[in-house]
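Order as written gives the chain letters A, B, C, D and E; numbering starts at 1 within each chain.
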Amino acid sequence: MDTTIDVKSFAPNGKQNGYNGKAKMINRKIKYESELSSDFKETIAELAHGEKLYGCIQCGTCSATCPVSHYMDYTPRKIIQMVREGFRDDVLKSSTVWLCASCYSCTVECPKGIKITDVMYALKREAISAGYFPKRFPTPVLAENFFAQVLNNGRNSEGPLLMKMYMKTNPFNALKNTMLAFRLWKTGRLTLKTEHTKDRKSLKKLLGSIDKQKEALAK
Amino acid sequence: MPNPEKKEKKFEPKIVAFFCNWCTYTAADLAGVSRLKYAPNVRVIRIMCSGRVDPQFILQAFASGADGVLIGGCHPGDCHYSEGNYKMLRRFRLLQRVLKVLGIAEERCRLEWISASEGDKVKTVINDMVEKVRNLGPLSIPAKMSDIDEEIKELEKEINREEVPQHA
Amino acid sequence: MRYLYYPGCSLKSTGKSYEESLLAVFKALKMDVVEINDWNCCGATAYMAVDETKAFAIAARNLALAEEQFNKEEEIHVIAPCSACYMVLLKTKMFLEQNLAEKGRIKNALKESGLNYEGKVKIRHPLDVLVNDIGVKEIAKAVTHPLKGVKVASYYGCQTVRPYSTFDDQREPHTMDDITAAIGAESVDWPLKTRCCGASLTGTIDRVGLPLSFMILKEASKRRADVVSTSCPLCQFNLECYQDNMNKQFRNDIHIGVVYFSQLMGLALGIDPKTLGMNRLFVPPENVYKIMKGGEKVYV
Amino acid sequence: MPDKPKIGFYWCASCGGCEESVVDLAEDIVMVADAVDIVFWPVAMDFKKADVEAMEDGSILATMINGAIRTSEQEEMARLIRRKSKIVIAYGSCAHMGGIPSLANEFTREQILEYMYQEAPSVVNPEKTRPMLEFKHNSQTVTLPEIRNLVRTLDQVIDVDYYLPGCPPTPKLLKAAVLTLLSGEYPPKGTVLSPDEALCEECPRKESKPTDLAFKHFYRPHQILFDNKKCLLAQGVVCMGPATRAGCEALCINGNMPCSGCFGPTSRVRDQGAKILSSICSNIDPKEEIAIDAVLDDIPDPIGTFYRYGLASSLLRKKVMED
Amino acid sequence: MSNTNGNGTIKGITPRIGFYICHCGHNIAAMVDVEKVQKFVASLPGVVVSRDYKYMCSDPGQELVQKDIKELKLNRIVVASCSPLLHEHTFRRAVEKAGLNPFFFHMVNIRENVSWVTDNREQATAKANALARAAIQRVFFHKSLETKKVPINPDVLIVGGGIAGIHAALTIANAGKHVYLVEREPTIGGHMAMFDKTFPTLDCAACILTPKMSSVKNHPNITLWTYSEVEKVEGFVGNYKVNIKRKPRYVIEELCVGCMDCIDACIYKEAKYPDEFNQGLSKRKPIYIPFPQATPQVVLFDPETCIDFKSHRCKKTCIEACDRKAIDLKQVPEYKEINVGTVILATGFKTYDAEKSPQYGYKKFPNVFTSLEIERIVNASGPTNGEVLTKEGNIPKSVGIIHCVGSRDEKAHKWCSRVCCMYSLKLAHLIKEHTGAEVYNFYIDMRTPGKGYEEFYDKLMNEGVHFVRGRVAEVTDWALIPEEEHKLTIRVEDTLIGVVRRIPVDMVVLAVGMEPREDAQDIRRMFNISCSTEGFFLERHPKLAPVSTFTDGIFIAGGCQGPRDIPDSVAQAGAAAAEALSLISAGSIELEPNTASIIESFCSGCKSCIPLCPYSAISFNEGTKKAVINEALCKGCGTCVAACPSGSIIQNLFEDEQIFSEIDGLLKFAGIELEEMEVVNA
């Protein structure tokens, strides 16, 4: 055991060396195999229902066709490669996952038939369960609230949903959009009333059964 | 005779396949060269043409204990001998009816067109068939026959036993 | 043929005029359309990101409800006008066909809530139904006020034609353009028919979402479109309601009507604009109204 | 007449036609009766089982058993006869291949009993009474033989030396067989005492068979009027002749009916039904599945058509009961 | 009715079987417990010796068998190794050398059928056991057979007059054998004739091809039939009968000298119809010659566009202009029947239809060209006399070349077309040379495996051509910034940098891949060969028999077998020619003796078999009233055997008893195997 080296000791802001963040321009760009997660690609392939992602030829069609890739910290192509190589933490912490607008153009264009949008969904779920998403980042908050609302009511009510999201993430934004909300209300396109299905009991049973089956499966 | 109870636990269907030399056998070779993994339950007999498959072979295979029979030939119009596969197709259609009446499920006897290039089809067809036959369970005609034939062996024993006291 | 209609949440709120105009058009074309009883949310994009099995279960509930509502012998066609609903229902159906284990799980869950799903339902987009079942010829026949001279930029958005739908070309869709032609208007040839409008981001990360919408409107104006025709409540909301925000942010002055294709159809079929929910628009399609009244177009 | 060879006849599951065929020897029967000593022939003379049991093992030269084996009694008798006879000849289609009785192998014993004693339209049996194997009456036990689960050919129960095929065998073949026995020059064991080639060889209509049949339809005998000169297959009638052993001199065809295969297959064939199926189907005209099926619909009962006499001796022997 | 008797003798012969199982290095031994199989077989009745060996096909392996045959007096041999399609002949020859009839041998395939396709060692071993047992049972019934030889007709048919067909034709003709070269188009030359320069040496394609084309035309041993198609093929190796249709040119080929006076005289003063040879980029008249070096130099009419064919009211100035009276507007198709011993198919390929990838805007934007169109444009004799211009007539300032169009794409073709990287480099060089434009190559992977190819890539990089590693998502006229206005913008991720780029260009070149011709399936049916999944003709073995097919005497060369460049096509054509010549000089070929025969004494003359034979090998002998098989015509399919209702036909190597015992061997063993597996798993 004496021979193993703690790789973290090589970090530029580690205590062992003297940089202490003074040289911010210099970023560490090395990965050790021990930092990687070898089963990550299997996990994601399973969650995304496809092993095709192993066959990525890194052509970049996904990135080029993506309408938002230029805002992403890693382009979709890079994400696929990082998934394959087990860069779990970097992938799950990336903004790419949350910027994906689910427009499916990458899935349609991929010459290898990789369902990239589904990979992104898988990564979103994985990031949420790993608790990796940024706390005040609105997309996961929206997703979670949406989830709770549909669980309870069976339907989504856009007004209350957006209100809640803005309050949780950026109350300032809510103010910015007050005017818009008012106009929507005036044209009859927005209510603060909560919509719901009639038979909420059966819905509860349905979702409860899924939970039960999952628990049984986990055992 | 393996213990039937044990057999049920790990039922591995036995499937006899007749593959035509030019298409399906070549495709099976291709599957091998491509290292495609498939269920080991199918044992192949090479014939020159699916037209050579005598319905007797299929019945014999079932009678000897096969749980399924697979016949592979060239696609219609592609037969190396121009029309042998059509001859097989016609026999197969009627044989299926005979088998049905005789209680052998349709899935146990299968005719597939697999061209020389379709190594992956060999794999999918075999896996699919093994799965379907596995779900059907063992056919085991020899075992069933020997069970039924027990009834006449019993009598034989009885006669041998009874004869002495009766006529002594 | 009877159709079932699955509105989804948006068509009951922000997309109200989509529902109003679509049902009016269906009625005008003498289609027999019934709403699914007690439907629930499709699960949509955001939901998928949290719990996939539940998302599929909740979507499958709608499919099961559809089967329950129509008898066994009948073909069950469910019209889902919202792109997201359409895509999710289609995806659920296909997924359950392919992933048998998951199908079993969901069938069990449905059974516990007193439902059963056989897999008979066909999911249809209104564009698909109108072009492939009714046919452009029938539509053209029903037109009373052809929109001659109106230049329409057909905007399909992303999820209507991809990735699972097969009724139209994924890259160069044409069904909405076929309808545009049938109602006497003219289609603008433009490359952004299926480009993402950023709807799912505009509300959350507007820095990314807004430019996407802006580029679409900009190109439509540049190509002299009088109106943008949409087939998705999210696209319509996004492209229309944020026009003020866009103009402020990109120091521009874009004012282009963004309407549902069904609203344009309704106008051509002689339906009163109010019935079509045109009064709910923030940016009324002025040029369309002007041309219909025989006036001159004005480009802003 | 101690020198005369002893001969026996016995019948199992059969219609009696085989017994009749012995009488069909006509004047030759006198020759037979002169040459041999018939020691056992229940249908014509009064014999009891005990009489046979009393005979010395191997004391009968040859016994001809006709009929399939379907009850315990028949089995018992077959075994008994086997012990008492030097040579056992399976006489007629039923003993040879199971015959028509073996079509019962398409069903289970239970199905048959249920039909016979409950479901048949002529039966009134609300109590669902069935024959019992044992019945006590006045302190006496009356027994009935048991019906077996399977109808068997004779050689599936006992060792058989020769086969005389046919339903029934022709007098000519019987006479030849008896002469062979008397000659003492026995053919190899297992021989079928009939020419080992197909019936077409001796068919009077052989000349009229065309080279190319290309079946588009099949007809059952009641569906068309046959041309009484032309090959029946050429008329679309399923004739088993090509797959059936010769020897009958085309009796049925001479009666303007197709061969139904009672002589069984040639020695090179294991399954007569499969062979005629193969031959006929290969010559069907269409190539498309749907069209092929349409032609095959003209053969509504393939088992009854191709296995009329031989289900018990076919490769599968019976309907398979899957668990 | 059992087929083998308990004491293991058949008709008085006691089989003495030798069994040999091959390890094939690790190929078999890694998955099959070879020793276990060897021991199991040793316990079977009739087996005298059972051995395993590292490589049975090696000389020592074969010698092992031969030694045993002699010393142990073996009379039956079973080898369990690879596919019989690979080594059956090897072992039969070895057995024959040891003095045993080669057909007392049987081969068990435990590599392709077992070790390579199974991932469980116990199951693989059990399967190998079953197959071996079946073979042991079967070989009991093998008989001594003689092989049959058929003579080879020395004439050769070559279908397709591209570079592969031309080279094969010249090779065979130079060897003194007669060749029929049949080409569908009015001229030979194929795709190569359309190219400008060839990579990597930049030789002018016409300069190196034209001499070969005229050699073909002038060669005494070559019968050249252009504008002709094969209609029907009958027969078999050594003796094929081929029917060929010669389409009417409406010009008598023997009389025309290619002076082109008739073309000048045509009532159309201007060319009006798209010129096929120039990819429709220029126009031709209804009477034309495809290109100046066309071989043969004979004009032809296009009846679709010639006025006289449509209205019969033309002044026929062309006929008047021809001194040699070569024009015959009443010409009808001519049918030829030839006999040849071997055939070489060199029917070539087709380029991918770029319209099927709409994201690149082919046919939508006028300045998007395919590579074949650019070949013609840069060619000095092409539609623009070698000037590279946009449709508007301007010299492009920037050109984008998009690689892999239609290749490496599940929605188009999965395969790599092999030639596009190199020809794109060549076109980049030529365009830059002609225009001085900025040239961008958009590639996924640069594939330059060939002599001098990597050096050519190197040269291009030094010439300042841009290389962007990324597959283009879209070519669009959607301008986002002023410099993109009125240009085509290419959207691509520069994957090496990790940034999405938008690059405006004046001209786009689509490097379209190679695909099988539309009628490849018809041709393959006609010649009774197979196609691989993608539709190219299937070779007998990808490595060891790359130009042979599963039908003896039919060889393939060039683009019809798969994407390849000129040097490879020529090499393959040479190989195919050598294969054909080797058959011709052997004079005859040995055939498998798997023919069928009728046992006369058993046949009842029912005629069931007669119509079933695809080769009309069965006839009815009116004298004996029995059917007879002509073994010279029989190809050994066995259909008649399966159909004979009285079991009177036997097929050598596939006799009923052989197959029945093989079935039994496979199955009887299965019971034991289950028990064995349970022991293993317990």
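Operating definition for what follows: a contact is a pair of C-beta atoms (placed from the backbone, for glycine too) under 8 Å apart; a residue touches a chain by one contact, two chains touch by 3 or more.
Values in this document were obtained by computation on a predicted structure and should not be read as measured data.
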item	value
Third chains touching both chain B and chain A	E
Connected chain clusters in the absence of chain E: A, C | B, D
item	value
Other chains in touch with both chain C and chain D	E
B-E or C-E, whichever has more C-beta pairs in contact	B-E
Chain whose Cα centroid lies at the greatest distance from that of chain A	D
Gap in Å, rounded to a whole number, between the CA centres of chain E and chain A	49
Centroid distance [mean C-alpha coordinates] between chain C and chain B, Å	54
Chain A and chain C, separation of their C-alpha mean positions in angstrom	26
Length of the line joining the C-alpha centres of chain A and chain D, rounded to whole Å	78
Residues of chain E touching at least two other chains	359, 474, 612, 639, 642-643, 656, 660
Touching two or more other chains - residue numbers and ranges from chain A	none
Touching two or more other chains - residue numbers and ranges from chain B	51, 54-56, 60, 83, 87, 91
All chain pairs that touch each other	A-C, A-E, B-D, B-E, C-E, D-E
Interface residues, chain E side, partner chain D - complex	1, 601-608, 610-612, 620, 625, 639, 642-648, 656, 660
Complex contacts: residues of chain B adjacent to chain E	1-2, 6-7, 10, 12, 14, 16, 21-23, 25-26, 28-29, 31-33, 35-38, 40, 43-49, 51-57, 60-61, 64-66, 77-78, 80-84, 87, 91, 115-118, 123
Chain C to chain A touching residues, read off their complex	9-10, 12-17, 38-41, 43-54, 57-58, 61, 87, 95, 99, 105-106, 108-110, 112-115, 158-159, 162-163, 170-171, 194-196, 198-201, 203-209, 212, 241-242, 245, 279-282
Chain B - residues contacting chain D, complex	51, 54-56, 58-60, 62-63, 76, 83, 86-87, 89-91, 93-95, 97-98, 101-105, 136-137, 139, 141, 144-145, 148, 151-152, 155-156, 159, 167
Touching residues on chain E, where the partner in the complex is chain C	358-359, 474, 476-478, 480
